[in-house]
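Note that the chains are named A, B and C in the order they appear, and that numbering of residues resets to 1 at the start of each chain.
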Amino acid sequence: MTTSIKLKHLLRIEDLSDKELMGLLTVAEEYKAKTRSFKLEKQVTACNLFFENSTRTHRSFEMAQRKLGLDVIQFDASTSSTSKGESLYDTILTMSAIGIDVCVIRHNQDEYYKQLVESPSITCSIINGGDGKGQHPTQCLLDLMTIYEEFKTFKGLKIAIVGDIRNSRVARSNAIMLKRLNAELYFCGPQQWLDPAFDEYGQRTELDKIIDQMDVVMLLRVQHERHHEETSFSKEEYHQEFGLTLERAKKMKPSAIIMHPAPVNRDVELADALVESKASRIIAQMTNGVYIRMAVLEAILAYRSNL
Amino acid sequence: MTTSIKLKHLLRIEDLSDKELMGLLTVAEEYKAKTRSFKLEKQVTACNLFFENSTRTHRSFEMAQRKLGLDVIQFDASTSSTSKGESLYDTILTMSAIGIDVCVIRHNQDEYYKQLVESPSITCSIINGGDGKGQHPTQCLLDLMTIYEEFKTFKGLKIAIVGDIRNSRVARSNAIMLKRLNAELYFCGPQQWLDPAFDEYGQRTELDKIIDQMDVVMLLRVQHERHHEETSFSKEEYHQEFGLTLERAKKMKPSAIIMHPAPVNRDVELADALVESKASRIIAQMTNGVYIRMAVLEAILAYRSNL
Amino acid sequence: MTTSIKLKHLLRIEDLSDKELMGLLTVAEEYKAKTRSFKLEKQVTACNLFFENSTRTHRSFEMAQRKLGLDVIQFDASTSSTSKGESLYDTILTMSAIGIDVCVIRHNQDEYYKQLVESPSITCSIINGGDGKGQHPTQCLLDLMTIYEEFKTFKGLKIAIVGDIRNSRVARSNAIMLKRLNAELYFCGPQQWLDPAFDEYGQRTELDKIIDQMDVVMLLRVQHERHHEETSFSKEEYHQEFGLTLERAKKMKPSAIIMHPAPVNRDVELADALVESKASRIIAQMTNGVYIRMAVLEAILAYRSNL
């Protein structure tokens, strides 16, 4: 059994050293293979505060917490004192004061966590479940786990990230880490959604030019709820021009895999029939999400057991 | 202790054989009498997805799950990705992928479950907590349990079902099963709420003509929220013409019982004073609901332990 | 370890005898000091029904319940049958019927609990989490605990309660008990928020006249959500005229403490910098809230174990 990693918080993916990252992936794999077990030494309480809608990330964290034996205190932004105007800071101060050990937070403010972790009054650990247009580190970790599970390495893998690169928390976290892990990155999608700021991580290109060489085609969700005015194309047009159609999928290498953080817009980012196809790892990503979050939580608890 | 029944799913009440049905009633009675206990062999996780409002059914399932020691993952339709447009199918696919064993679902689409149980990707068991105008099988089971508890038989019992027969999930499930169990059924209520499709299960009549011969008077909730345009009567008029008034109740046999799936509209379906009266089994129905759902969950777990 | 207090319900703070009150404070202190532990003899289920928004009280009760090992059934007013028009009475009747042992209820109706505890059909215990403009007994208890922890007595303590005395559940409960415990009370705030009905508990005065003699300055939340038409002052004006400004705080005795039930309106009731200052007990109040609720729940369970 791998030695525990110790983490005070998990805020940004790049704060992890390579050793910590690979350690977390290994711990997660051990949980998945049922070769690792965990015994709580004392009662630990977690609270998941999602100020943006979520099914998968929220429930995946809750599942991971229950698998480790944590108590989960429910929180609903719409019926909390935040609707009386209480700030995020004061809400987390409260959670800390009543004895919550770990808060998982998704909030629309970039780097919302800074003020929290700098406060001497807030003693709970923070796991970033998504900050504004910033990061989503556990999504990145589960993506890395899914890729590593498939190829046993990151080095030299050719990976296309397709879609709204500019506004995607997933794209940013993954680009940073996959580059560091020596994968080759390609960014595809509508011109206005690509971002020169990503040129340090890989190259902008068209999916049709590279599809037959890719090991991983990672599709990003089209955030219909965020893009109203700027997109001039319909769902069908997006699919035909930028999506993974059945025709494009046929050009993929036999060993290549399809990834998507979900929820999928079927027949937009990829053809409906591809979602549960042999090449798809979309269900595996969701399953791996629970194990990687168990690994992260274990690392947080390992840190806290020394407090 | 009764041998366990095994169920993969519980979707429609008529899918149960007589043996399974009576077995479930017996197991539920044993839980109620505290002569049966249950020991979970491994961690099992349930999620209750109610896309229509509910207090009793939702909380009753949660109580049954906790009594059996299951972990319950919370789900709130209003803050889930369904509000980003995710389909029921993709939501349940997610729940299955993160390792949920049992999903209890209430949804306004008739037979919403078909697509779910036919999918090879969805591995969790489904319990139907109400589908559109279709069925509500555990409500039927708790009604049958309450009747059987009282009379130790169904054969020859005279049972009036009163109210919106046409649109009631409860009426449909109960009519099918009570007929099969050889009870005699009578359907009463406003003409436009009766349904010739029910003639195979019993006869349409007026409550006043039969009230003195009934063993069970089962009242259905007037769904004010569903009937706006079609009903031409006020609450008071409904009560006087079709409801169980104090006057009508006096004509009931001393051994007869009053049932209602609740929530009751007091002084509409029945007089306020009758709700907690000696003849009423409305509270018993709620109490029995927990035990019957424990029996159903145990049957699902018995099936799954062989997977 | 202190002998258990026994309580059937907790509805109004003045229903507690001095012995019960001091017993609860002692039990809470023992939980806080980790010199007391609790072992559930059988499964006990609690449900927290908050019909008004809350973070602190709701989550604090849930934390206390989990620390004692209770199962917590979730309840969300917005997705319950109350949105189909079900009354509070019928909702609690349901909770009792499905086997809930303890209901914690916050509701905007004064003395909502009367009808519930008088019903022979409702068998669960009720803890008042706030009734209309009435009481909030566990908030009072945690305030008393925080004061007692500091001064080891109530007798002769000079305590200013500042703000909307007339409409505050906290002010009413605290005034009754602190007077009974022989503290000296002073009520300060805008003229229209003071209340001659409180003259039996202490005297109306201006904060500036007494600030240097106070042992406790207890600030009440300005309920912006309740006061629209009547308040003619801005937040800044309130702070300058009635709030605990940094200037006023400097006049406090070195041993004096600052209290607030929270959520705080920073720079309204008190200066932002005072919230987490050395004199502030606001975080301690939140922490103590969990322990005092454990003591109350233990007392309820002690009563129920004899049923």
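FYI, contacts are C-beta pairs under 8 Å (C-beta built on N, C-alpha and C of every residue); 3 or more make two chains touch, one makes a residue touch a chain.
Keep in mind that this is a model prediction, so the values were computed, not measured.
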Answer with same or different: of all residue numbers used at the interface between chain A and chain B, are over half used by both copies?
-> different
Fitting chain B to chain C on CA atoms, where both chains share a sequence, rotation angle to nearest 5 degrees = 120
Just give me the whole-number Å value for how far the CA centre of chain A lies from that of chain B.
-> 40
Multi-chain contacts in chain B, i.e. residues touching at least two other chains, fall at 74, 76, 78
State the interface residues of chain A toward chain C in the complex, per the touch definition above.
-> 43, 45, 47, 71, 73-76, 78-86, 90-91, 93-95, 97-100, 119-121
Contact set on chain B toward chain C in their complex | 50, 53-56, 58-60, 62-63, 66-67, 74, 76-78, 224-225, 262-266, 276, 283, 286-287, 289-290
